[in-house]
Amino acid sequence: MPFDLHFIARLIPALIEGAEVTVELAILTFAICLVWGLIVALANSTRGPLSWFAGAYVQIVRNTPLLIQMYIVYFGFSMAGFGLSGFASGLLALCIQNGGYVAEIYRGGLQAVSTRQYEAGRALGMRRWTLYTVVIIPQVVARIVPPMTNQAISITKDTSQVAAIAVMDMMKVAQVWVESSANTYDVFLGVAIIYLVLTSVASVAGKLFERRLAFAQ
Amino acid sequence: MLEVADVSKRFGTLEVLRGVSLSVAPGEVVVVIGPSGSGKTTLLRCINLLEDYERGTVTVDGDPIGYRLDRRAGQRVRMSEREIAAARENVGMVFQSFNLFPHMNALQNVMAAPVRVKGIPRARAEARARELLTMVGLSDKVAEYPVRLSGGQQQRVAIARALAMDPKIMLFDEVTSALDPELVGEVLAAMQQLARAGMTMVVVTHEMSFARDIADRIVFMDDGLVVEQGKPDQLLFSPATDRVRAFLKRYNDRYRI
Amino acid sequence: MKEFAPLLHGYWYLLRGAGMTLLMAGAAILPATACGILLAMAQVFGNRFARSAVVGYLFIVRGIPLLVLLTFTYYLLPLTGIDLPPFWGVVLVMALYYAAFMSEVFRAGILSLPQGQWDAARSLGMTRRLMLQIVIFPQALRLASPPFVSLCANLVKATSLVSIVGLWELTMASREIVERTLAPFQIFLGAAAIYFCICYTLALYGRYLESRVLHGH
């Protein structure tokens, strides 16, 4: 029976509890990836073996499924003797994979600033620090905000896969409720709407940030 | 041949054309000059209905392009897309930025419309395309793709492409402005040749000496209006209005060495 | 090397799983591409109603995790009385899901053509249909081909999610072997290697297409 109000009244708090885990995972992943991705991107832009490793890392994590990465971390590591909790495994796998994507976004942003901008800065007598803080980084930031916003949305959706390693995120809560009740429609609508709200928040935040940058320039 | 009657066009609140009328006789070459932003490009685009416009009509040999007058209602009605497309076959247009199709070689660029729009048999269209490319001096470049051609060569392909539709009239919008100075001559020569062969042409250009050579009549536009028109020597050397005089003075000051 | 003995016993089973993965991905890519092109056309050329319908569709699909949709298709399909084998059920969902992303790629391809191409085609008397057929589509598809290929790689990775709703493919096959051999690290690594081979091949092909787009003919 769809739209059973008593059922919904019990469902919503449970979903929200799951959503807290989802949000926590998404924010942690995004924050860590902003740093980790930058490290990988910088390593990638050096010359020598470090760049090779960074490049290989990016290709490997981007071309294998997140779910398999989670299984390797969750089941594989525990067999190897250093087991992590579901949450920690999920977070680690999310960061490993999305770090690769975020690194590529940084790289794209850096490449999009033409060498002429560097030359123009040097021609004006700027030192390295001034050149980067005044000329290069503002342009890179302006370029990477839209793809970073997309990545944040994508991370939010990706967190649902931790349900497969027994983390009680919103997806897992929904699975449990669907299996223990007949109100499939209610659960589905509830989960879908909450995910839509979460991703919309990410998208609107990105838009606002983008607009502030546009005014600042 | 070409009748532009009282055409008005605005972009938002900006009135770009304010009732422009212009008639061009068969075989006549009309050169349009005027300051930047005066509406020359917009006029040519309206003639071909690349832009919609709010008032006025355009006809070629009496056939309307874009809007026809509904006599009973006393109103202008927009023709159907199919009718407009058919009407555009009579008007060839060459653009400042060439606009060749980058995924087709020179020959394919010239043949595409005759074959696909007019349904001319491939063999005949190809023979004609080769003839036209030879006429503009590109017989050795038929198989090249646009990226491998110089700007001047690309523009000459574009001229051949427009001619391949056997238009009744040709419109040229600053076709040499995007070219390096040493490439301008070859394009102008192709246009000269076309004019001599009796093609009806409307040419927007900033090349005054070329305008003088090729024009039967020069039209001066400013601020969305035709301000003055006349024989080249008369308009260029003894203009009747101050605005033309001021424009020519600025032009001469800029290009005097 | 002895640690990888379980992989040697299971590799044939894994390869069969990979075959299923490819089959599933292929079956989803075809309709996803067709729908993606239709959606892009509706968004670029459609009337206001068609455009807002597409925008709404994209909003929903971009905001909900694929796993949510797959899980609920699994539970909802029987309820709606549609008699669809699970394989075709998930293929349908994946196709509709990826159609949204494909439409973005094709739309970007169409919109990135310079105005001059439309002007030139129209001034030659081409009708809209002919113009799309011989001028716009050939160029737009070429521009769209590199991101299209990386979306396909993405779709291949996403097929791993169907194992969560109980369908058999590479990830499910690897989980089955893990249950028998208790060697998760090796087996999942093996599965990851197979995914990598598929997706990295696609990525390389995408990069090749991109270099062709950048350097013209």
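Letters are used for the chains, namely A, B and C, taken in the order the chains are written, and counting of residues starts over at 1 for each.
Just so we're on the same page, contacts are C-beta pairs under 8 Å (C-beta built on N, C-alpha and C of every residue); 3 or more make two chains touch, one makes a residue touch a chain.
Computed from a prediction, not measured in an experiment: that's the story for all the values here.
Using the contact definition from the top, classify how the chains connect: line, ring, star, complete or other.
line
Select the chain at the greatest separation from chain C, using centres from the mean of Cα atoms.
So the chain farthest away from chain C turns out to be B.
Chain A to chain C: how many Å between their CA centres?
20
Nearest whole angstrom, what separates the Cα centre of chain A from the Cα centre of chain B?
Once rounded, the distance between the two centres reads 53 Å.
Taking each chain's centre as the mean of its CA atoms, how far is chain B from chain C in angstrom?
Computed value for the inter-centroid distance: 46 Å.
Touching at least two other chains at once: which residues of chain A meet that condition?
There are none in chain A.
For chain C, which residues count as touching chain B in their complex?
Touching chain B: residues 114, 116-117, 119-128, 130, 134-135, 138-139, 142, 216-217 of chain C.
Can you list the chain C residues touching chain A in their complex?
Touch residues, chain C against chain A: 59-60, 62-68, 71-72, 75-76, 79, 153, 157-158, 160-161, 163-164, 171, 174-175, 178, 182-185, 188-189, 191-192, 195-196, 199-200, 203.
Under the stated contact criterion, what part of chain B meets chain C in this complex?
Going by the criterion above, the answer is residues 45, 48, 50, 81-82, 85-89, 91-93, 95, 97-103, 112-113, 116-118, 145, 147, 158, 161-162, 165.
Within the complex, which stretch of chain A touches chain C?
59-60, 62-69, 71-72, 75-77, 79-80, 153, 157-158, 160-161, 163-164, 171, 174-175, 178, 184-185, 188, 191-192, 195-196, 199-200
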